[in-house]
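In the two complexes that follow, subunit A is the common piece, with subunit B as its partner first and subunit C second.
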Partner chain A sequence: MLEHGVDIVLAGSIAVVAWRVLLEPQLFRSMVLFIAMGLMLSLAWVRLAAPDIALAEAAIGAGLTGILLIRAAQTEAAQEAAAAAREAATSGWRRWFPGAGRIVSAAAALAFAAVLLVAVIDLPGEPIGLTEAAATEMEASGVEHPVTSVLLNFRAYDTWLEVGVLLLAAMGVLAIHRTYNLRSTRSEEHTMLVLTWLARIILPLAVLIAGYLYWSGTHQPGGAFQAGAILAAALVLMQLAGFRGVSGLSTLWLGAGLMLSFAAFLAVGFIGTFEGEFLRYRHATGELIILALELTIVVSTAVTLAALFAGAGSQSGDDSDAVRARTPPESL
Partner chain B sequence: MTPAEVIAAAFAVTGGIFYLAGTVGILRFPDVQSRLHAVTKADNLGLGFLAVGLAVLAGTAEVAAKLLFIWFLALAGSATACQLIANASVDDDVTEREQADA
Partner chain C sequence: MSTFELYAALAAVLFAVGLYGFFVRQELVRKVVGLNIIGAAVFLLLIAIAYRNRGDFADPVPHAMVLTGIVVAVSATALALALARRIEDETGTRRLPEDEESS
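Up next is the complex of A and B:
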C-alpha cells in the first residue's frame, strides 16, 4: 500500500508540475519548473526499474536540456522573439480570441492522448516482443548488461542513427554560426571565483564518474550516453566558469570529436559486411568492439552536448531570424 | 527490526526533519538571502543524515563511501549555487535601488 502511495504521489506531482510548466507566464519560471519535472520523471523511471533511462533523463532531460533552454532564452534574439510574440498575441485577430492557440494545442494533445489510450487498451495481454530472444542470446553479445547488449549489439543500427542525430544537431548549431568551430561564441566575461573553484573540483571527479559509468555499462546500469552527458556537464561548467571548454577547440579537433562515434560505427559496420552483414561482430571480439564503440560514444556525446550549449548562447551575426522562425508565436 | 535498521531509521527521520525545516524556511522567510540561509544549511544537514542512515543500512564500506561522496558533491554544488544566487540577488537589489534613486 505504501509503495502504491509513493507512486501515486509521484505521478500526481509530475502531472501538476507539467501543467504548471505549460501555464506559467514567466519564461524563466517555466524553465525551472521544466527542470524540476525532469528530475521527477527520472524518479519515475527509477520506480519503473529502469535506472539506465533514469540516469539519462536526469543528466540530459533535466540538466542539459534545462541549461540549454535558459542559455537560449538569454540571447537578445530570443528576447526580441518573445517581445514580438507578446505583441502578436495582443494585436490583429488574436486580440478577439485570446488563448486560441492554447485551445487548439490542448485539443490536439487530448486527441493524441485518446488515441494512445485506445492503443494501450488494445494491447494484447501477453507481452509480445523480443525479450526472450534477447535474453537467450545475451551471452553471445559480449556484455552482461541487457540494456548495453541491446543498444550496442542487437540494435546497434538504431544506436548508430541516434549518434547521427546528435551529429546533425551539432551541425545545425555550426550552420547557424556559419563557421566550423565555436571560437566566436560568447565567453563569460566576469565569472565568480566560487564557480572557478567548483569547476576545478568537478572536472576530475566528472572524468572519474564518467569512466565508472562507461565501465559499469557492461554489467550493470550505466553506459556510454550517460557517461558522455556527465562529461558534457563538466565541460559546460568549465565554460560558465570562464574556461574555454569546447569553444576553445580548433576546427579539426571539434570536427573530430563530433564525428568520431558516427565514423567508428560506420567503420565497424563495413568490417561487419565482410562477416556477411552490416554491423555484425564476431563473437570472440564482441566485448572489445562494444567497449571501443562505447568509448567513441562517450567522447562524441560529451563534445556534441557541450557544443550545443556553447552555440546556444550565440550572439553572433544575424542568427536572430533563425531563432524567430523556430519560435511559435503562442508559446511565450 | 534489526539494530542497524533502527539506527538507520533514526538517522533518516532526523534528516527528514531538517528537510522539513528547510522547506518551511523557503515558504515562510521574506527575502532571497534568508531563504537561501534556510534551504542550504538545513537541506545539506538533512542529506547528510539521510546518507549516514543509508550507509548504516547498506552495511558495506564501498556503498557507504559512495553515499558520502554523493553528499560531498551535493555540499559543493549547493554551496556554489547559494553563492551565485545570493550574488545575483544582491545585484538585483542594487539595480532596483539605483532605479528608485533615478
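Up next is the complex of A and C:
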C-alpha cells in the first residue's frame, strides 16, 4: 500500500507542476518548473520499470530541452515586461473575447483527455504486447538487453529514420541561419571563472560516463542515445564556459559529425542487402554490428544536439548587432 | 486503481494541460512548452501500457519508441525555438501575426 502511495504523490505532483508551468507569468520561472517536471517524470519512468527512458529523460527531456528553453527565456527576458504590460492593458471586447477563446480551448482539451481515458479503459483485458516475442527472439539479436535489441536490431529501420530526423533538424537550424557551419554564432561574452574550471573537471567525467553507458547498453539499461546526450551536455557546458565546442568545427567536420550515423546505417543496410534483407542481421556478427552502429550514434547524437543548442540560441553574424541593440545580453 | 490506471490517468491530465497551454498561450516559446507537455503525456501513456503488458521485463517495443520520441522531441524543440527566434528578429514580436492582431 505504501508503494502505491509513492505513485499517487508522484502523479499528483507532476500534474500540479505541469499546471504551474503553464500559469507561471514569468517565463524564466516557468522553464525552471518545466525542468523540475522532467526530473519528476524520470522518477515516474523508474516506477514504470523503464530505466532506459529515465536516463534519457533526465539527460535530454529535462537537461537539454530545459537549457534550450532557458536560453530562449533569457534572450527574450527584456521583452517580457513589455508583453505583460500590453496583455494587461487590453480592454473592451478584446478582453472578453480571449475569455471565450479560453473556455472553448479548455473544453476541447478536456474532451481530448476524456476520449483518451475512454480509450485506455476500453483496452482489451488480456495483455497484447510484444514482450513475449521480444523475449524469445532476443538471443538471436546479438545483445542481452531487450530495449537495445529492439532499437538496433528488430526495429533498426525506425532508429535509422530517427537519426535522419536529427540530421534534418540540424539542417533546418543551419538553414535558418543561412550558413553551413556554426562559426558565425555568438560565443558567450560573460563567462565565469568557476564555470570554466567546472567544465575542465566535468568534461573527462562526462566522457567516462558516456563510455560506460554506451558499453552497458548491450546487457543492461543504458545505450547509445543516453551516452550521446551526456556527451552533448558536456559540449554545451564547454560552450557556456567560453570554449568553441562544436561551433568551432569547420563545415567538413561538422557535416561529417552530423551525417556519420545516418551514413553508417545506410552502409550496413546496403551491405546487408547482399545477404538477404535491408538492415537485417541476425547472426554471430550481430553484436559487432550493433556496437559499431551504436558508436556512430553516440558521436552523431552528441554533435547534433550540441549543434542544435549552438544554433537555436544565438544569432548569425550579420544580424547579431541589430539584435544586441534591441535586447541587451543578460547574465544569469 | 492499479499503477497502470494511475499513470494512464496522469497522461490524460497532462495531455489536457499541454493542449490547453498550446491553444491559449500566445508566446511562441510557451506554445513549444505546451507541445513538450503533450509529448510527455504521450510517452507516459505508451510506457504505462508497456508496464501493463510486462512479462519478465516491460514491453521493450514501446520503450524503444519512446526513447526515439524523446530524441526527436528535443530536436524538434530546438528547430522550433530557432524558428521562433528568427520570427522575433524579423518582426520584433514573439507571437504569430494573427495573435498579434487579436490582442
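Going forward, the second predicted complex is superposed on the first by the 284 of 332 C-alpha atoms of A that agree within 3 Å, B and C clash if a C-alpha of one lies under 4 Å from a C-alpha of the other, contacts with A are read in each partner's own complex, and residues count from 1 in each chain.
Methods note: contacts are C-beta pairs under 8 Å (C-beta built on N, C-alpha and C of every residue); 3 or more make two chains touch, one makes a residue touch a chain.
Everything numeric in this text was worked out from a predicted model, so none of it was measured.
By the touch criterion stated above, A:Gly61 is placed in contact with subunit C alone, subunit B being left untouched.
Of the two partner chains, subunit B is the only one that A:Met192 touches; subunit C does not reach it. Once the two complexes are overlaid on the shared chain, A:Phe243 sits clear of subunit B and of subunit C alike.
Contacts of A:Ala106 after superposition: subunit C is touched, whereas subunit B is not reached. Shared-chain residue A:Phe262: touches no atom of subunit B or subunit C. When both complexes are overlaid on chain A, the residue A:Ala15 reaches subunit C alone and has no touch with subunit B.
By the touch criterion defined above, A:Leu205 reaches subunit B but does not reach subunit C. Contacts of A:Leu117 after superposition on the shared chain: subunit C is touched, whereas subunit B is not.
Which of subunit B and subunit C touches more residues of subunit A: that partner is C. In the three-chain superposition model, subunit A touches subunit B and subunit C at no common residue. Looking at the complex, you find that subunit C touches subunit A at residues 3, 5-21, 23-25, 27, 29-30, 32-34, 36-37, 40, 43-45, 47-68, 70-79, 81-86, 88-89, 92, 94, 102-103. Every residue of subunit A that touches subunit C in the complex is listed here, in rising order: 4, 7-8, 11, 14-15, 18-19, 21-22, 27, 30-31, 34, 37-38, 41, 44-45, 47-50, 52-53, 56-57, 60-61, 64-65, 68-69, 72-73, 75-76, 79, 83, 86-87, 90, 94, 97-98, 101-102, 105-106, 108-110, 112-114, 116-117, 120, 123, 127-132, 134-135, 146-147, 149-151, 154-155, 158-159, 162, 165-166, 169-170, 172-173, 176-177, 223, 225, 229, 301, 304-305, 308-309, 311-313, 315, 319, 322-323, 326.
Touching subunit A in their complex are the following residues of subunit B: 73, 76-77, 79-80, 83-84, 87. For subunit A in complex with subunit B, the touching residues are 192, 194-195, 197-198, 201-202, 205.
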